[in-house]
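Next up: the structures, one after another.
In what comes next, subunit A is part of two complexes: it sits with subunit B in the first one and with subunit C in the second one.
Entry: the complex of A and B
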């Protein structure tokens, strides 16, 4: 039972001052084993804050990040799943499923987590899953209107994943879940 | 005053002091001669109903053996008339000789049904070499124990008597004996299988329900529901979102959520882990990075966590791991395969039983109550006062070494931190086989521990005494210690009567 927090596009301090209070109250240290962040934090203070939640932190570089040393893409293995991480501004058209699927094949991962669109999506596509955790602060985006703050918590347990989607809608936290199983035949070597 | 003494008192008076003397070659402690105050204590206070126990324990196994073999023991020679003068106690006294003699015979004629009389023997200067005697009594003990355990209806009292003289290592004897003494195994042999199966099944169920983490729980639910969910995953496209019921997400702060209940225990789990790492660091069975020790620690963690969850008032207290360690060790070294597989279940049940009457010691807010640790410590203090007022006075009043400073750990952890591991197992044999309960014998052993280092304590001040008691000397002879403990008068209320 591994809990992985996926979030990104906070745009602090440029477009948002901080995470919503209700989110902050839920994010306490000690529960989460990994954090994967799509990028655009943008400052070091947020990096430090996330580090206090969990020491295992993975970040990829977004176009507004002030830290230039983050990688463009990252892959990690958690349990039986291979996760891929990328900010998403590099993949054009932004948010296009087929292009993201190309990236997924390139990275050879089961779950691809990207951001940039500030819109939560979760797709099953050609044997893999593409997840966009949205913007954790609800920061303004030029491509999405009415951005709701959202992030994703994945519970990886063997071959099964439960994805908990946390959204702040009208000041209330709404939690949904999505579950899927990895079928062992889905990734044959090519 | 002699009218007050029953016959059994006299007999006991005869034999028990002789034993420490006669085994003087076996131990090196300075406290070899029984101090006058010890005998004084015995004279004043009649022991509780022990009329059945004719001989002190060292002979007990032999006597029991004779009983079973259908021999008759003529004890009439040793009944002293009230008022008769007690014989002076000499080293190499009668008891010792008799045992060695008959021990030889017993070894030779194991299955003989010869009638044996315990003969009077003149006091001799030389005695049988100790090692031979010890070997004989080990073999005797083993065969007694095996015989008793293999009976269809086990006589618990007899088992207690045999066990309190020490259970020989090896062969799973100790494991079976402890299970019987703790009441985990019923005394009727036929019921063993059924009882074991039931208990082990119960444990497995408990473990499954209580130790399961929330995600396993959720997936269990999914599998029990219809399989329509899986259809979603076969189709490409947006994944379907499902509503969450009852705040059941990992970050939930609500009390009723499965997750928050699970996370409440993470602190306890960490504490347990830390304590288990520190359990007996010198034994590769428990410590180190080998797969065996890891497996053992994992099993012990499950047991302790299950106990903590089932008892939310006490939860886990540091030290419970020490109480569990001997039990788990003894049960895992059982050569019987079936038992070895179910170590966890058996250990859990026996752990709960052992902790049963001393659990109040762990509960902080019961400290000042009549069942709490302070009450028990004051009982120890009373016991010492009754048995050796001089030492008590010196400790409590003169050097102000209050029992809270040293006895707390002795009592709550059942002496597991005071001695070497093998010694602990031997002491626990006696503890668990006391017919009056573990706590009674525990206090007596604690008192005996004080008596055995009496000379050092009397000559020490606060600092020296405290240091001595908190790091109890390793080189103490355990058999002597336990013998002293058994001879201590337990019932302090008599003190007022006889005065």
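Entry: the complex of A and C
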């Protein structure tokens, strides 16, 4: 059982002062094995904070990130799964699932994690799964109205991944989960 | 020389102790034989050792204690008349025949203590007699120990509540009080006299040390007074306190005054202090100017603070005696009187008063403000603080209200708060500002009116703009960034649901950050922009007629503000940030249906792109942001849209690196196809873009051939293929199955050619693309049919 935290689009300090208190109290160091972050933190302080939660931190560059040296895309393997990471402002039209599917094929990954729209989605298609963890602070977005703060926790166990999405709605944390399994062939997840 | 003295003292002490032991031995023998005469003789000789003037108080105490212990045995003997056969009255007479005065008095006190315990004894007279007779010993050390002995042996025989005098006159408590007061007065006089000896510094120091060793002897009297049950509040108020204070003031001795004031405060109950506050405080200005009165007052205030915290029932008492006003006035008088008091002293007094106020009257913000105001007055006329300790005290003064009222808004109502802050040196001022910001963030407080925002920004002005004293090289970059980011985060805590008030807040913030200078703008401006965009969105939701006399806040007005702000940002070399913010505003204007405003923001973005963004990598990101935003615009009429689209595609084709050009150009294809109901769906221009992208990809291949001897990977082609598939599925009539087939074959050929450089990634990319087509074919339905004619061969 491997826990992977996926989050992004915090936009601190431009659009939000801090993570919601309820999220902060849930995110405790030492419980998570990997963190993948879609980008737009935006400052080093937040990078350092995430590093304290888990030293294995992967970030891709968002268009507002202070650090210009984060990569545009990143791929990594966790257990049986190949994961791809990209902020998403590079994929036009923004939020378009077919275009994101193309990126997924290009990166050759089972799970593609992107952000930019600040809207949580988990979409399964022929080539794999596309997950958008939304904005962890509920930051303003020109694309999505009424953004609720959200992040995703993936539990990777063999050929199965359970995606837990945590959303802060009206001051309460609500959790939902989605199951994905992959077949043994290297390319498709169903 | 001194060492010799010490050695001598030890010798003398040893001699004294030996003397006592020697005579005590014989005294014991006399006691065993019930021989009164010998007992008296040897005890008198023993007590003669106490006549020495060669010992320091510390050593004298040693000697005294030994004598004291022996006297206890004697006392037991005295008590038992059957052993010596003399009545206590006669015994009282008898001991006065002792030769030397000191032994005589010690014996007298011992007999007196036995006498007082007897039934129907004239306690009052005995006490009076003893306390008067002790006057005969005027040597400070000897006198103090003698009177201390008197106090010791009499204290449990003092008449208290329930005592009946034989002549039925006024109660015994008064007698006891008078006795103790007199003993105290005499002891204090002796104690003070010890200081009178003039001499060079060393002698004076020695004297002070000796005095300090003796002080508890004097203070003990006050303790005894406090233990007398009959000393109730009234008696304390009418008799005890006035007498004690009279002595304290009149002795005019710095050491005594300081010690005794502290003693009074510690020994008597807080309740009494509260009720006699005026009297107690009234004595303070009368003390010697060198007395450290601020410590005394601080102690008093701390005790009263604790008293207040102990139970809520005592709080009304504080109000009733107007404790705050009295303390405040007293402090003022002391500061005025002691002209040489260092600044740190005056401020720490204020800190104590503030602590008191916050604990006792937390709801009286006017009191709190008054304390701050008094401090401002003290600080005024002086330059900024440069004394570390004084600075620390001021910081303590400012932090206390923040800690007490977790709500920063309360602190904002204290009019003197910013004035106190003004007196801090620049660094500390900034540190204090950070404390304030952190207080807001930690407590999740929202500041909800423009007026309060104004006050808040006044408090943190050290962070927001350069003061007259900063120089460039003083600033540490990391600290600076942290400060500015804090200010940026703070801006999000300024909020009101009412749009009118929120707009006022935004205007206030803008006014302040605009004076921040080029280094600060990039931090604060984004926060301001997004705050404003949130307001605009809120106004969008409130469509309909807004009935009001004034012109209400409209999105247009806010966009004007945004325009100005972004222009200011652009002028201080943050073109990339300014471009992004312009695009955000354009999108918001689009949502508000304001075509000219949206166009204006796009113009701004393009101008920034053309004139300020020269870095290739930055250009790639910027152009994608422009394309992505433009793709979502639905407010533009045909002409405007064409102009902007033309610009976007033009710049895309002019990017430096061919792969970047290719990608930007095929991204532009989406500008001509919007999937919405009313969206533009220009199949021809889409195809033109894709074909152009293909041409660029081809050119890239040829360049690679020329420069590297082998053609580059086919990735770009596969990307374009994916785009063809995208539009094919969306129903672009210009893209047919044969178009797709042709492209697939082109790619396959390219890959298999001699000069191809294989890249596993692009192979995999092609494979998964082909697999996708396969999948769609097999799925059937309308799409399946469309894909029907396309043949794919998926390599193993």
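Keep this in mind: the second predicted complex is superposed on the first by the 185 of 190 C-alpha atoms of A that agree within 3 Å, B and C clash if a C-alpha of one lies under 4 Å from a C-alpha of the other, contacts with A are read in each partner's own complex, and residues count from 1 in each chain.
The rule is simple: contacts are C-beta pairs under 8 Å (C-beta built on N, C-alpha and C of every residue); 3 or more make two chains touch, one makes a residue touch a chain.
For clarity, every value in this text was computed on a predicted model and none was experimentally measured.
Of the two partner chains placed around the shared chain by superposition, subunit B and subunit C are both touched by A:126. Residue contacts after overlaying the shared chain place A:14 against subunit C, while subunit B stays out of touching range. By the touch criterion defined above, A:99 lies against subunit C but remains apart from subunit B after alignment on the C-alpha atoms of chain A. When the two structures are aligned on the shared chain, A:179 is found in touch with subunit B, with no touch to subunit C. In the superposed model, A:142 makes contact with subunit C only, not with subunit B.
Contacts of A:157 after superposition: subunit B is touched, whereas subunit C is not reached.
In the superposition on chain A, the residues of subunit A contacting both subunit B and subunit C are 126.
Interface of subunit A with subunit C (complex): residues 11-18, 21, 43, 45, 63-64, 89-90, 92-94, 98-99, 101-102, 105-106, 108, 126-127, 139-140, 142-143, 145, 187. Across the interface of their complex, subunit A is touched by residues 213-216, 218-219, 222, 229-230, 232-233, 235-244, 247, 249-253, 263, 266 of subunit B. Contacts from subunit C toward subunit A in the complex involve residues 441, 444, 481-482, 485-486, 488-490, 492-493, 523, 526-527, 530, 533-534, 537, 580, 584, 587-588, 591, 621, 624-625, 627-629, 631-632, 667, 670, 675, 715, 718-719, 722-723, 726, 729, 761, 764-765, 768-769, 771-772, 775-776. Of all the residues in subunit A, the ones that touch subunit B in their complex are 1, 3, 25-28, 30-31, 121-126, 129, 153, 155, 157, 160, 162-166, 175-181, 183.
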